[in-house]
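Naming follows writing order (A, B and C), and every chain is counted from residue 1.
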Amino acid sequence: MDHEQLQKLATLSRLTITAEQQAPLATELDNVLALVDQLQAADTDGVAPMAHPLAIAQPLRSDIASASADRAAFQAIAPATEAGLYLVPKVID
Amino acid sequence: MHNLTLTQSLAGLAGGDFSSRELTAALLARIEQFNPQLNALITTTAASALEQAERADQQRAAGSAGPLCGVPIVHKDIFCTDGVRTSAGSKMLDNFIPPYDATVVERLNAAGAVVLGKANMDEFAMGSSNETSYYGAVQNPWARDCVAGGSSGGSAAAVAARLVAAATATDTGGSIRQPAALCGITGLKPTYGRISRWGMIAYASSLDQAGPMARSAEDCAALLQVMAGHDDRDSTCADNAVPDYLAALAARQDLTGLKIGVPSQYFGSGLDSAVEQAVRDALAVYESLGAKLVEIELPNSALAIPAYYVIAPAEASANLSRFDGVRYGHRCDNPQDLEDLYRRSRSEGFGDEVKRRIMIGSYALSAGYYDAYYRKAQQVRQLIKQDYDAAFAQVDVIAGPTTPNTAWAIGEKSNDPVSMYLEDIYTIATNLAGLPGLSLPCGFAQGKPVGLQLTGRHFDEATLLQAAHLYQLNSDWHQRCPEEFCQ
Amino acid sequence: MSNWETVIGLEVHVQLATNSKIFSASSTAFGAEPNTQASAIDLAMPGTLPVLNRAAVEYAVMFGLAIDAEIGMTSVFERKNYFYPDLPKGYQTTQLDKPIVGPGKVEIELADGSKKSVRIHHAHLEEDAGKSLHEDFHGMSGIDLNRAGTPLIEIVSEPDMRSAEEAVAFARKLHSIVTSIGICDGKMAQGSMRFDVNISVRPRGSDILGTRTETKNLNSFKFMQDAIALEVERQIDLLEEGGTVTQETRLYNGETRVARSMRSKEEANDYRYFPCPDLLPVVLSEVTVERLRSELPELPDARTARLASRYALSDYDAAQLGSDRATANYFEAVAANADPKLAANWMAGELAAQLNSAELTIEQSPISAEQLAALLQRISDNTLSSKMAREVFAALWAGETDVDAIIDQRGLRQVSDSGALAGMVAEVLAANAAMVADYLGTPEEKRKKKLGGFMGQIMKASKGQANPQQVNQILLEQLQALDV
């Protein structure tokens, strides 16, 4: 995994990779990819992908607005709030 | 009192031999004595435990005792507990006090269980040694320089060291069964969908399953009875009826007619010979109990780890995106802008193994790689499930070693993630197929416990528990106690 | 005609009018205090899980049935991964490969009366995001997650539209359909429908699509019209100057009428879609689909046709009334007790004008259908002249309730007694001999102009209460009689 790929993954994942971390991380990820590349040997022609262990359908909930939204309780554990809002650095569209 | 199993404690409480307050206080004292070194618990909830114990004593006196009234347990720190810090073993959630309970916690509370604390674990359940925990590794009570296994290492060590008789845990690729094996206790990973995942911090949602850890199959049955069942807050929680597990144990006197499949793939290279011997001896006990051993094939077994290390990280990469420093959890100081908030909060909050899995997962899902990795892994998952379908057409239970080796030294594999991944070679396929699996102690190798793994049909936990219980009625491995913790 | 052809496709976000959110039991009501409708699930608290709202599923199916689309009998939710503060989970739960509504079509009518069919590629269920409030909190933005998790269908059209007019007609038609079947409240100002417009231009005659831009989040038909005109002009100017169009996401500000490229979307995204493991495939039964089909409220086209034939309205009037369910309901309630043509005229005229200037919907009209019908009856039975009727209308609008009481209190009863009117006319003619002589001396074809003077006098004599049609008739008769 090269520098560019690693940085792209870091960006997608919103992680920072420092210069010192880069080389060992690349090796570790390459080792994992070598492991998972064993999958390529499997003959999966015509095999349906399995997303879920249970062959059941999604249950549906009645359309009743009953959830409590205890803002005070939820915001008591929030890093930064004001006037009932969660604060983040300026959002630029 | 600490040597009592959960079932024995319940009997003692019911018989008035001791109160829940006495039992709770005794175990809290033990935790105080041993936990600083063992590091099995991240948080101890002594005050609320004593309150719960007193309430339990009152309920018992009033004749309104629930099925677990007054019995102390600990919860893996992945289950949200109302008002009690729930860290998932991560710095990210070091300050996280949820205002709600997981369903598992709610049900055990309602049954009268007393919560002594929250058990250590690999960060976000990503690990096989408990070394990825922000709170440090857990010592194995049998060999304190060795790992307790993971990710539920704290739950396993707490039970093995007699700090508590039972614990909750979760298993995504072996995280109940592997530490149970390494710590010489009994652990059950139920069928996917048997127990609600509500309030259980997600690692890989299509694989994660809660389950009990204790010193006997009987204790696991008692816990499962309370933990299992439909929950309309979890769409993936099955609506199947929950059988009476303890009644099922009582109903079976021998294993006549039980067909146990022994997969040749589980006895190949990589398996420690002393571990193999212990497992073969256990299989012989099963034969003596009336079971019939049948050689079977699980041809795609070797693909389970590669498939798992695509699917689990892929799901995790999305599951862990919510940890962004905005609504709860770690937030970096003085973020310069939004990107800085995200990147620094996450880089500071997550440990290396979590970051690796997030990046592997992102990679497997990214444009141009999805088909080769994610889709391919899902197809292999189907093949693995088909292997099991074929096997269970022939046999009732599949048996083999839980792990290829006994507990390794702390630090030995922590710089080589892949070698650690390979320790889960026998447990992972069960999660991919969603099947129930159980590990029970079946001997020792190099002085450390060996686990026998039983795998069953979907929703057939009862047969696994019966098979384990009958073995335990005819062996004493599960009663062995690490010397330091006997007295 | 320009040398350039415009190609437009729309992505329309429709908020479904459910009581609770798509994956949680939080209320979806608009306008609550920030984060008071954000439950643990909506906040993506650790360990929380989604459970799908039945009504959201059924509303999406109803839309599919309304546009004669293929219904996805098994649809699958996926996670679309990206970081944004208004997206608490770090992914949007949406549908991709297996949407709940497959290909369909929508007929639009253009101003010249012609019709056109716009193909729908698919429509899928998804969750709405929260809102970033850009007021300054010490250099920070505030996040309100009340809207997070509100159910949406995203309707994706094929690039079948060739002008802003067609795009607006399509948008209006969708508005009409979703409000008619009751799956959306249609409140554009509250963001209940939002339009993303994909625009490209190409030399006329070319069948290769030009590079497109996407202008996001337009929430009025007017803004959409303006934004398209602006963007088409920008692209043509660029191309004619020898430049190229960059594929980008743009934002249009309806107040300043300025569009710009969206900075946050500049970085190429890789959404890493995959099936959401917390949700299982949504499987519909034939029984459910057939039940929804049989219960589907009347669609706008069918309603328009029915109004036209049942009430003998012109196509234009029927289309005006039929496109909106609430308007049609109001009309039918009025027409049950009054002349339909008169009802149509008053609704399109006085009522529409007043509602418009007060920014009210027909459902908020201070004048009920029953009141309007009572008023129209008094026009039909000649009690009120149209001028008087407008006075009564104003009184109703101002809050008075009983039409007959208003008429009585203000003495607005028009005199229609022909004997009394004949007397009045005779008196005015007698008192104005010069005018009569002038009239009679005027050639017949020019006499009509002279009638106004008599009418004014007579109406004045009657204090405005004479029935003008009758007066006109009697006046002509009496003047005729004098012309010998």
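We adopt the following convention: contacts are C-beta pairs under 8 Å (C-beta built on N, C-alpha and C of every residue); 3 or more make two chains touch, one makes a residue touch a chain.
Please read all numbers here as calculations on a predicted model, not as lab measurements.
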Chain closest to the middle, measuring from C-alpha centroids that were averaged per chain: A
Comparison of B-C and A-B (more C-beta pairs in contact): A-B
Inter-chain centre distance, chain A versus chain C - centres from mean C-alpha coordinates, in Å: 40
Euclidean distance of C-alpha centroids - chain A vs chain B, Å: 23
Separation of chain B from chain C, taking each centre as the mean of its C-alpha atoms, in whole Å: 57
Of all residues in chain B, the ones touching two or more other chains: 96, 98-99, 206, 232, 235-236, 317, 321, 324, 326-328, 338, 342, 362, 366
Sites on chain C at which at least two other chains make contact: 40, 43, 45, 51-52, 81, 83, 85, 143, 270, 272, 277, 279-280
Where chain A touches two or more other chains at once, by residue number: 12, 14, 51-52, 54, 56, 58-59, 61, 74, 80, 86, 88-92
Chain B residues within the chain C interface of the complex: 79-80, 86, 88, 93, 96, 98-100, 102, 197-202, 204-206, 232-236, 314-315, 317-318, 320-322, 324, 326-328, 338, 342, 362, 365-367, 370, 374
Chain A residues within the chain B interface of the complex: 5-6, 9-10, 12-16, 25, 28-29, 31-40, 42, 44, 47-54, 56, 58-59, 61, 70, 73-74, 76-80, 86, 88-92
List of chain B residues in touch with chain A within their complex: 95-99, 192-193, 206-207, 232, 235-236, 238-239, 300, 302-303, 305-307, 309-310, 317, 321, 324-329, 331, 335-344, 346-347, 350, 355-356, 358-360, 362-364, 366, 372-373, 375-383, 385, 417-418, 421, 432-435, 458
Chain C partner contacts - residues on chain A that touch it in the complex: 11-12, 14, 51-52, 54, 56-69, 71, 74-75, 80, 82-93
List of chain C residues in touch with chain B within their complex: 40, 43-52, 79, 81, 83, 85, 88-91, 143, 270, 272-274, 277-280
